[in-house]
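In the two assemblies presented below, chain A is common to both, partnered first by chain B and then by chain C.
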Partner chain A sequence: MKRSIRQHRSTKWFLAFLTPALVVYTLFWILPILLTGIISLTDWKGTSRLATASFVGLKNFQNLFHDSILSTAVINNLLYGLVMIIAVPVMSFIVAYTIESFVHKKVFFRTVAYLPAILPGIVTVLLWKWIYNPSYGLLNQFLDLIGLDKWTTGWITNSDTALGAVTFTSIWKTVPVYFVLFMAGLQAVPQDLIEAAVLDGASRGQTILHVTLPSIRRVTTIVYTLVFIDTFRVFELVYAMTNGGPGYYNTEMILTYAYKTTFTNSNASYGMAISMVLIALIIVVAALQMKLGNRLADD
Partner chain B sequence: MKKNAYHIALWIFLGLLLILTLAPILWVLISSLKTQGEMLMTPWAPPKNLLWSNYAEAWKRGKFLTLMQNSITVTGASLLLMLAFSTMAAFAISRYQTRYNNVMMVYLLVGQTISAAMIVFPIVLVLRQANLNDSLPGLILTYTAGGIPFATFVMQGFMAGIPHEIYEAAEIDSASESRLFWSMAIPLAKPALATVLLYQFMWVWNEFPLAFTLISTTSKRTLIVGLYTVVNGQLQTNYVLAFAGATIVSVPIIALYLIFQKYLIQGLVAGAVKG
Partner chain C sequence: MSKKLFSMFLAVVLSMSLILCTGVASAQSATERPTVRVYIKWSEAQLPNWPALIDAYNADATNPVTIEANYFGSEGYDDKVKAELTSDDPPEIVQLMKTTFNDYAANGDLLELTDFIAQNGWDYNKGALAWAGPLNNPDNGVYGIPDFANTSCIFYNTKIFADLGLEVPTDVESLKAVAKTLNEKGYKAIVTGATNWCAADLLAKTQAQLVGSGLLVKAYNGEAKYNDPSMVQALQIVDDLVKANAIDPSSADYTDDDAIAEFVSGKAAMYSAHTGMATSIDSVAAGTDFSYNIIEKFNFVENPLSSVAVTWGSMWCIPKNVKNLDAAKAAMSFLWGETVAKNDVEQLGKIVNVEAWNAGLTHPVALTASKQLAGAGTADSFYLLDMVSSKVMDNLCKGIQEMIQGKVTPQQVLDNTQAIWEEESAQK
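Moving on, here comes the complex of A and B:
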């Protein structure tokens, strides 16, 4: 009897504490996601009143398959993503492990190495646009200095190098974000496990492979998932650095294309269809990760 | 012998890491104190005279006073609302066992993973309906909403680790639920609050797509959007002033980071990572 009263009271308080967050989050974040889905099923351009639009079913989604600019953006995005998913987690782990091995200056190295993640994206873009500048850029000056002057080019105005240059900048800014996660993971590895392995005569490589990596696989799964999801969230870096150019959409990404379709080309319903595919993909991946993560935790 | 070689390799690696990280940032700082000619002709040399006047001029030409005021208002208000609402939500989820707990977590996860640029157009529509378009309150509510999932997850992860006995002891003294929240949960969760504050401050202060799209009036822009506009307009060919502007925008966030940096990992270990 007493128990059921207490249960009731709990639900009441549960809702009371939850309501402010729930209201704001639903109105200004979830409702826009639902609207994205709804608008993607109409022929609304976004310029007239919404009431004038009519439902066209999945027509916008069918058109996705006949859009050559979109396929260019998808290919760019996948190439970019492939490099990121190969490079970022491994480099982040190496940075984390190296800093963690330095007992004395750990905080100093961590603090400095994280700086690129702190820097506003727009500042990062401004900085790297200058590093890549054809006539005065640091990169070309450096290549001149070491005698590789035949490699100098306008790194983000040359269509052969633009995507690579954007990707490199993204790695510079992203590795700091994730080495911190690995450091958090490494600090949770039981020290006695490592000491036991060393006592048993395991080499450093063996210890990493058989003790460290298995102990942090929860973090590793999270990092791989986040890097994968980030791939499809890439926006301001490209928008501000190259705006999808140079030439024929050489660095266009799926999300920058969706944004331009909606705002610049005034084709809201089609832009929303592209966004909707990204949203669906990301939610599915996040859900899978959560399932997988829970399974790992149960082991 | 082998140990020494390993240490030398470590030092070389860390040295390279430092150069790659710091050199571009220091280069911006040094260039912002040079004349344009110096910057272009001798990029590696220190400035002959420290031209602090670059900062005064960038500040004036970029109208940084208004921008700074807007950014401080938006960041301050968003963080206040976000932290208050998320802490309450995290307390609810970690303290009460109802059948909605898991539904709530999944509901928050849906919004956590997507990015603002994907839904900024419908956000404009919602704000227009609420008469909040092109206004700082509209931007503030949007940041609050978008920041709630991450903030709640980290706080919840931390609060779940608070032993039940602590609350039970207070219950015996017949403390009310709101007392438990104010005088027990919040003080205990301070490290997580600091972590959330650091990460969300970084997000709101640096955020571009929402601030760029939701605000169209020049005098209501945030620092980031103002910087983006001025370096692509008035200061497009005036690199030293552009770099001075970039430094002005970055200093507050770097200062906050240096003060709070120990919480970068501390709150995460309990929350997102161990989960």
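Moving on, here comes the complex of A and C:
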């Protein structure tokens, strides 16, 4: 009897604590997603009242297969994502490991390495636009200085270099976010395991490979999942830096295209169909990734 | 007991004073002038004379409304207007750019203004009003007040031309010759901001002279194709100028700001844009001895259909579902009436669409442009190239940028634009 009262009380407390978060989550996440799903089944353009829209079934979703700009955006997003998913976790781990190995000034280097993460997105964009500027940009001036003036170009306005330049900026901005996670993971690695490996004659590389990395598997899984989600959520950096250009959509991403379709091109229902597919894709792949990662970590 | 009585007395006094205050407030609001919200896409810096004019208007108690100007400065403006126009209480006056204006006019969201213009006695340029409605506009309805008239032009540095003893070019051949001399002397000939609208502006210049407005109107109504051979020919002229280095290929990497910086710094002798950009050039060149003008007459083809492409910057409209229509009209009568328009002419050097109000022009660019307009401000000379959806326009600009980079041909640019247009029509 006492146990059931205690259980009842704890359930009440559980609900009391959970409800505010659940309400906020439902209002600002679940409902907008549901509304997006409903609108994607209509012909609403976004320039008239929603009540005037008609139901068109899956027409917007069928149109996705005949959209040449969307195909380009998907390819760009995959290329960008591939580089990010390879570079960001590796570089984050290297930065975290290097700083953790320092004996002196560790706090100072942690702070410096974390600085790009605390810069507002728009400041990052302005900074890098200035660096990449074709006339007075720092990068071109540096190339001039070292005799590589043939390489100077408008880095984000040249169709050949824009995607690379945007990706590089994104890596610069993202690595500090994840190196903190790796750093936390590294601090939790049992020191005696590393010492035992060293005593057994393991080199630094062997210690990292066989002791450190297996010990931070869960962190690695989380980092990979978050980087994956981030690659498909990339928006403000591209929108403010290149607006999807230069030339034929050389840096257009799925989300920037969905935004433009919804708001700039006045085709809200179609833009929301793009967003719905993206949401579904992220949920499915992230769930698979987490499941696989957890299984590996348990092993 | 006395405490209870005192508290009751206090409550009654407070309630009475509250009722009295409310009564006074409502009496005041009954005599207050209605406020008219004006949504402006430009920043205050682009209309620096307006705040003082509006303050003076508001200070005069005999005026029927109070004008509340909201300067948005472009960022997020279109989204804001879209949300406001679908609400129950939209702003009384909104500034719309060409592409969005067409959508709203076609949807029937805007008030028809022919009678309003007639009541005000404004003698508007017929050419400007010819395109003040959706492209499929059989009744020639006027759904917005077109603001300042611009001509698509080529600016040139008068000092460089004088120092090198160069004649101002008047056709493609003389331009190529001038460009060759300039290149030999270490100058870029023409620069432009090809990463955005300036790219399409290059085509507008040649299209207006070679193709005219008829084909575009047909294309907009689905009776012709954008990649018509005559359009390809018009873009081919631009491509030839790029290949001859008359339009410097570095333009492909430039925004407007970059191109203006090159022009004002003297690295480039000419800058292709429209006359509205004179304000930006002046602000960059402030405090220097930089002097410039626009080429008054330039023929891209023999026997051009129009001597120059003419455009207006934006449309000023009253939403159809506005709550206080009389107030909106009163504010519009002031903002686009003679006093403000003449002040714009004198203070900002803008050319307005009522010829009689342009007497106060002094800026050399405006004076030359008004000469151009005198012979070309007709419906046929109108700059229609950008009256397509944002998506199609964006594709055209991107294509021309790629063409300047030497990656695609004029035919491919226009084929691609037509394909995107058809794709978009199917989506909608």
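Following the convention adopted for this analysis, the second predicted complex is superposed on the first by the 289 of 299 C-alpha atoms of A that agree within 3 Å, B and C clash if a C-alpha of one lies under 4 Å from a C-alpha of the other, contacts with A are read in each partner's own complex, and residues count from 1 in each chain.
The criterion applied here is as follows: a contact is a pair of C-beta atoms (placed from the backbone, for glycine too) under 8 Å apart; a residue touches a chain by one contact, two chains touch by 3 or more.
Predicted, not measured: the structure shown is a model, and the values here were computed from it.
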item	value
Clash or fit (per the criteria above) of chain B with chain C on chain A	fit
Chain B versus chain C as contact partner of A:270, first or second or both or neither	second
Partner chain(s) touched by A:46 [first = chain B, second = chain C, both, neither]	both
First (chain B), second (chain C), both or neither touched by A:222	first
Which superposed partner A:153 touches (first chain B, second chain C, both, neither)	second
Partner chain(s) touched by A:55 [first = chain B, second = chain C, both, neither]	neither
Angular separation of chain B and chain C about chain A, which is computed from CA centres of the superposed model and rounded to the nearest 10 °	80
Chain A residues touched - chain C or chain B, whichever exceeds	B
Which of chain B and chain C A:126 touches, first, second, both or neither	first
Three-chain overlay, closest Cα atoms of chain B and chain C, distance in Å	5
On chain A, positions contacted by chain B and by chain C	46, 50, 263
Interfacial residue positions of chain A with respect to chain C in the complex	43, 45-50, 60, 63, 66-69, 133-135, 153-154, 157-159, 245-249, 260-261, 263-267, 270
Interface residues, chain B side, partner chain A - complex	6, 10, 13-14, 17-18, 20-22, 24-25, 27-28, 39-40, 43-44, 81, 84-86, 88-89, 91-93, 95-98, 100, 104, 107-115, 117-123, 125-127, 141-142, 144-146, 148-149, 152, 177, 181, 202, 205-206, 208-209, 213, 224, 227-228, 231, 239, 242-243, 246, 249-250, 253-254, 257-258, 261-262, 264-265, 268-269, 272-275
Contact footprint of chain B on chain A as seen in their complex	10-11, 13-18, 20-22, 24-25, 27-33, 35-36, 39, 46, 50, 94-95, 98-99, 101-102, 107, 109-123, 126-128, 130-131, 136, 138, 141, 172, 176, 180-181, 183-185, 187-188, 204, 218-219, 222, 229, 233, 235-236, 239-240, 255, 258-259, 262-263, 268, 271-272, 275, 278-279, 282-283, 285-287, 290, 293, 297
Touch list for chain C against partner chain A, complex	78-79, 82, 85-86, 100, 103-104, 107, 109, 195, 250, 252-255, 258, 261-262, 389-391, 394-395, 398-399, 401-402, 405, 407, 416, 419-420, 423-424, 426-428
